[in-house]
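Contents: one structure, followed by commentary.
Chain naming follows the written order as A, B, C and D, and within any one chain the residues start at number 1.
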Amino acid sequence: MTEPAYDLIIRGGRIATATDVFEADVAVSGETIAAIGRGLVTGKREIDARGKLVLPGGVDAHAHIEQLSAAGIMNADTFESATVSAAFGGTTTVIPFAAQHVGMNLRQVVEDYHALAKKGAVIDYAFHMIIVDPTKETLEEHVPALVKQGHASIKIFMTYDRLKIDDEPLLDILAAARESGALLCAHAENHGIIAWMVKRLLARGYTQPKYHAISHARISEAEAFNRLIGMAALIDQPIMIFHVSTAEGAKVIRDARGQGLKVFAETCPQYLFLTADDLDKPGADGAKWMCSPPPRRVSDQEALWQALALGDLQTVSSDHAPYRFDETGKLRAGPNPNFKQVANGLPGLQVRLPLLFDAMVSKGRLGLEKFVELTATAPAKIYNLHPRKGSIAVGADADIAIWDPAREVILNDEMMHDLAGYTPFAGRKLRGWPVTVLSRGRMIVADGKRSAEAGSGRFLPRNGGDAA
Amino acid sequence: MTEPAYDLIIRGGRIATATDVFEADVAVSGETIAAIGRGLVTGKREIDARGKLVLPGGVDAHAHIEQLSAAGIMNADTFESATVSAAFGGTTTVIPFAAQHVGMNLRQVVEDYHALAKKGAVIDYAFHMIIVDPTKETLEEHVPALVKQGHASIKIFMTYDRLKIDDEPLLDILAAARESGALLCAHAENHGIIAWMVKRLLARGYTQPKYHAISHARISEAEAFNRLIGMAALIDQPIMIFHVSTAEGAKVIRDARGQGLKVFAETCPQYLFLTADDLDKPGADGAKWMCSPPPRRVSDQEALWQALALGDLQTVSSDHAPYRFDETGKLRAGPNPNFKQVANGLPGLQVRLPLLFDAMVSKGRLGLEKFVELTATAPAKIYNLHPRKGSIAVGADADIAIWDPAREVILNDEMMHDLAGYTPFAGRKLRGWPVTVLSRGRMIVADGKRSAEAGSGRFLPRNGGDAA
Amino acid sequence: MTEPAYDLIIRGGRIATATDVFEADVAVSGETIAAIGRGLVTGKREIDARGKLVLPGGVDAHAHIEQLSAAGIMNADTFESATVSAAFGGTTTVIPFAAQHVGMNLRQVVEDYHALAKKGAVIDYAFHMIIVDPTKETLEEHVPALVKQGHASIKIFMTYDRLKIDDEPLLDILAAARESGALLCAHAENHGIIAWMVKRLLARGYTQPKYHAISHARISEAEAFNRLIGMAALIDQPIMIFHVSTAEGAKVIRDARGQGLKVFAETCPQYLFLTADDLDKPGADGAKWMCSPPPRRVSDQEALWQALALGDLQTVSSDHAPYRFDETGKLRAGPNPNFKQVANGLPGLQVRLPLLFDAMVSKGRLGLEKFVELTATAPAKIYNLHPRKGSIAVGADADIAIWDPAREVILNDEMMHDLAGYTPFAGRKLRGWPVTVLSRGRMIVADGKRSAEAGSGRFLPRNGGDAA
Amino acid sequence: MTEPAYDLIIRGGRIATATDVFEADVAVSGETIAAIGRGLVTGKREIDARGKLVLPGGVDAHAHIEQLSAAGIMNADTFESATVSAAFGGTTTVIPFAAQHVGMNLRQVVEDYHALAKKGAVIDYAFHMIIVDPTKETLEEHVPALVKQGHASIKIFMTYDRLKIDDEPLLDILAAARESGALLCAHAENHGIIAWMVKRLLARGYTQPKYHAISHARISEAEAFNRLIGMAALIDQPIMIFHVSTAEGAKVIRDARGQGLKVFAETCPQYLFLTADDLDKPGADGAKWMCSPPPRRVSDQEALWQALALGDLQTVSSDHAPYRFDETGKLRAGPNPNFKQVANGLPGLQVRLPLLFDAMVSKGRLGLEKFVELTATAPAKIYNLHPRKGSIAVGADADIAIWDPAREVILNDEMMHDLAGYTPFAGRKLRGWPVTVLSRGRMIVADGKRSAEAGSGRFLPRNGGDAA
């Protein structure tokens, strides 16, 4: 009896999961992984992965794509450009937002984003629903229905003038999330503190981008975390705290988890690799490094790495939010905007994994299994995309990134595939690069060249799972 | 050479300060203490205090007198009735509020309360200014001027629909307090949480007074403390947290003080001697025990005693807020109100000291010096009324309460001198009672009988002092 | 081209690693796993695992086998009986001790235990070296040499009259461990406190087994943890704290890890499933449940589960230490011993996994992946036996336990394969049982029957790895 | 009727207690304070104190006087020289030690020290009994009898070769203290850690005084505190932790007190005003600054001040332990001793108060009332010498120090009245100095000149009081 030929064999690479690292072939049949073994025979196609690492494609659970900001600025990417850039960075699953604004019907919002994604996405995707207007209809009708349709996470903002949810409606949303079995994700910063700082700084003429970092006083993060956690505990609703940036914030989370509360948290490369000093550039140049919360201090970077090591933070997302450094984006208010007029956000879908690979694998901080866990397995589990996504296992989708651990790359703006036009990490030399990327068995990046069609990505319906 | 006769000698009592307890005579000349010694000669008048305790008159730093609530209810007392009741309870200094409502001119508000106090008060007084409408004029003109005139503390509410100050304006007030050298006092509870709980409870038909206690979820206290402390730390402004009711709240304060932050805090007899169960009475009866925050659990009482022992809380005030149990007060919305329709507050000026004396001195918890410290010396120091008030020392105002430590009293409604018409502590048997009370050397309660004229109390201008 | 036949295929089971759970066949070639896939063809032998779970064999990192106690009692098991019982419980790797006593040459000790294991063991094994007599020769010559030979962990006792290491020599041992790259494991209890309690209890006639639990005052654990951690931090040497039993102990560990210290810790089934009440039996019967530290309270059980969930504790070992309930073991001092005369220890190699499987998988606490992690993967990693042991991955040793998740078993003494003659968990009904067990591809338990030869287990040399 | 003439009137000074500061005369009759008032008439003698501060004489609760060290070195002072130096520094009560060595009968030890003190002391005194040899007779017979005779505190050492008490006997002593109602004071450092550090340092040739500071690794303090507190909590016995030197140590105490444990603690001027750098002098010179624990860092100084402010530490003692910088003392082992051969200890009875006055009153840190509390009132209360000692109150002993707050003094060796021959604080310029000192109404220092007879001090019997 002969073994039926597999559709594809990735031959001789070094495979890593969050638990194991070993040498083997990976065989793909159709869209999924059929076998992992040594000396597997007969692939209709084969990829030689000797000397390479064969990793699960990254799962980026926090990215703003083709999204209209509250200030009315459309971000720079389309689903096509954003997901292509993700693919080039080794990421094969993304969870962008279906972003309501005040007055919008949430069902319609979700439908609209589905249409955009369906047209453009080259990798698979799910959605977080951003709720800005928690009307009775939204919470009692739309949310339960949409969660049932597979949109099992809600995101809210505790700051931003046109987005922020106050404590009382936030409790309504937490209760609705609990009722429908959705995870609640939050941009948690204290709005009043930031608004007050901004007011004081601008009134005194401190307008440059670097003052953005000062305006987000450190306490505005830890305070909001503490408040959100208290409310979530009251409702007994799990939460995911987005983009932790400070040591104090990480400590609030550690304490809450130590009390047994269901608190998850992420950080982002900008908080691990940048500091507030990066915003201190001549003129408006610092705007390229402006995001919210802002990068902080070297000591915060250390605290965040420690929190990742201890499991206090479980994942690293990009918070991709691309704005061009021109009048369509960062400089919309002119060439010399005050910091409050500058759109917040950095492009990051493409560089997230290479930056982390370099730090964790090439430089050895926490190691390869932890790299896989933080960037793929853990987000897939928290957002209930596992076992389909996030690991290399028989039966899982063949979402695979083949990394050349020896390839050295100096980041520059030109190699970015998103439409932001720049990367805040330009000039950094990284070791380790994803050379070939598969999504459900289809090659989408092959030896550094795009080979994916717009619209070939698929929606991933999911319910809240264990985390919710 | 003969000693000039003293105006008054209190003979042979046992004197206590926050530090010392000893037997001696106290001699008064004019309004102040002239000498303390054994065998002092020649008082024009003498009081035999043998077998009695001679203590500094109490300082009650938190009392609502002749104050209009946000709901438009005038509380039950006049300055005369309130201060007479205070005097009967051994208290000789009180700090009520000059309470702004939205749209009111703060200068005028302060003037109005001065007029009321001047007419009625039988003991000396200062004012906290309640700010509800922090306009530019209020903060930049009125506050500095009023602080200079001796009103060196500001109170704000973080909850109550028509009173609450949101985070951004709260920072403005903190900054204004810092600028003018005033202490910032706060009723710190999370408004959104309470509002949400109320909404849910009423919607489900949970309307009785006991649900008031449930509506103020425990976390609403610790959360607000944490937030307020964070903002005060940002501004580097000292704060006084009013009426701590929970163990968690006390812990937040201990942690903050351990970090070197300038945080003061008080609790009240209702949190040391009542629990939420006291609100669980038939019909509307529980309304008599309704105050905000509500009494909590026996374990909270223990935690608060511990916090007092450790200095985490520095003083015990009454939060006197009297409403009659009739249609002018608690039952304004009818005989069967829902808990949200009931005015919050308890009468307490008269019973504060007897309740604490019984617990601390007669039953021995923490002892006599600590009783004096918590009820007189510490508030006098924090609010910068010391050395004039709060201790028995040469040169200090002769504000003295002579206690019979053996007198047993069963509290009842009839013996109360305020106009609330009831005491929530009726039926309790206490050991120890103030029998004679002096204010600036004048007898205001003599052997259990009033001997003070309305309007004989005086305003005590003060600046912020060390605490601010 | 045909695939070469695998030696063995385990067909159609549900495979679990610490990360993934999926259905697939497992193919074994020689001693290792050759492939994992669906529809693998041609095994020389096949096992039908449909409806079963295919898990990595357990790694039990703490077991006393054929070991002479300080009191001169040989424990009940031989390497054969102990490892057979382990195999029947789904465990395929064990780390017992090579136990020095005062005056013994550590090299000789290790050699002796090797001889015993080589003769009897049916599963693979490594050794911890117990150091009781840290002479210069031991620390400077024997330890480095023995670590180089693959004995990369040292165990010390902080209590027990003839075993305990005082602080100063403990620092010598920590320094020697650091120098040679070994992990330091510790039985950490405060000797003086326990000795004092024992003295007081016996002097007052409290002699029954239940007083054993009282004699190990709770503080004796947290104190010793704190002290050990302090000393290890001074030397910058990683440590493994054995058998955590109290909530306070777990908290000390959490705090230390939060500070970035390299502290690992285990607990045991007796602390998760028994309490001190289990020792309260008539006469000497309670002796069957006597171990050190003793089982504690239900609240401690909860705290330990929480610590496992949070990663503060990383593994669950058996601390197998079998003594018969007769004059050769527990009753060596006669039928009515005082608690101090009773040998401490419980048999546990066989029941560790079934007890945990029932709780974690069948009853759902923490789940299947975490079960695999705590009982196999994590100990294999900490003790540097991974990737050979502790997971199901291509290239790993084919140490596999096939569990019937539906099999219900009521534990009884007769089904135990060790020589203790009883199990402290008799009478418990468990759901889930390992029915077939493989060690390096050899069937050692087949459908509930032993099929392993004495001496077929192999020594696993290892260096300290990442943990050390 | 005329007032009988007082024996002495201190006229017109500014009096301070731990609570109050005010201007008044102090009248003394016989040995005690008879009156405090303005315009008191007719003193047989008068002291003009206008422009001066009239403070309670200091209480120094930790001083080694005429004491034989474990190494057999008699310290430099006699009771006469030590107490004269104390008096010159404004201290009027001292608690030295009656120090047992192994084999000594504790009753005899106490008797011997009584004889020495009776002969020499010029100020009043009590004794702590140092227990080094806790025999059954000592604990069951001598301790109860001696406590009844007024020696209500026991001191133990957790380190020093010939002094240290191990955990088990320490529990015996704690239990004996509890039984007899004595306070337990401790020199708490981990012996093993220090011994190990010493061994390593000397072996590597690090012999200079500065290595003494390194040998007392920071963790050796916090560890010992934690262990001692745990054991005391087990016995429910109050403890006083001597000479806290590190931030970590202070934190352990704060945490324990926060849990409601009865833990008291002191620090000393050397930990508030010196650092380890002071030991880094050429040759053996650093020996002059050697004490145990050693001075630490500037950040520790800050932490200790904070702990004093918060009440975590309640008092500042001198730990006076004088050794001459010659062959009778520090250089007993020759002119070039290794640090282990140098006697530990600093002279401090005279400078304690001036150093603290300068920092707290002249420079304003914590203020005058807190100065009085930390240096006089609090130790008097903790050791149950209050109300006789520690405050200025009617009926109290007339132990009074009159300070000139404007007097500037540069400390030098010659002005020291003890026999150490040097002060480690030479060269410091202080503002504020005690010019006249009274003990029980007798002038003992008058305008900077000694006027006290040897042997005029008296023993102060005391029971354990509230603290014990």
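Going forward, a contact is a pair of C-beta atoms (placed from the backbone, for glycine too) under 8 Å apart; a residue touches a chain by one contact, two chains touch by 3 or more.
Just so we're clear, the structure is a prediction, and the values are computed from it rather than from any experiment.
Listed by label, the chains touching chain A and chain C alike form an empty list. Computed centre separation for the pair chain B/chain C is 61 angstrom, with centres defined by C-alpha atoms. Averaging Cα coordinates per chain places chain B and chain D 40 Å apart. Inter-chain centre distance (chain A to chain B, centres taken as mean C-alpha positions): 52 Å. Residue positions of chain A with contacts to 2 or more other chains are absent. Taken as a contact graph, with one node per protein chain and an edge wherever two chains touch, the assembly forms a single closed ring in which every chain touches exactly two others.
On the chain D side of its complex with chain C, the touching residues are 166-172, 190-193, 195-196, 199, 217, 219, 222-223, 226-227, 230-231, 233-234.
Looking at the complex, you find that chain A touches chain C at residues 1-4, 15, 17-24, 27, 29, 34-42, 254, 257-258, 260, 306, 310-311, 367, 373, 377, 386-387, 391, 393-396, 466.
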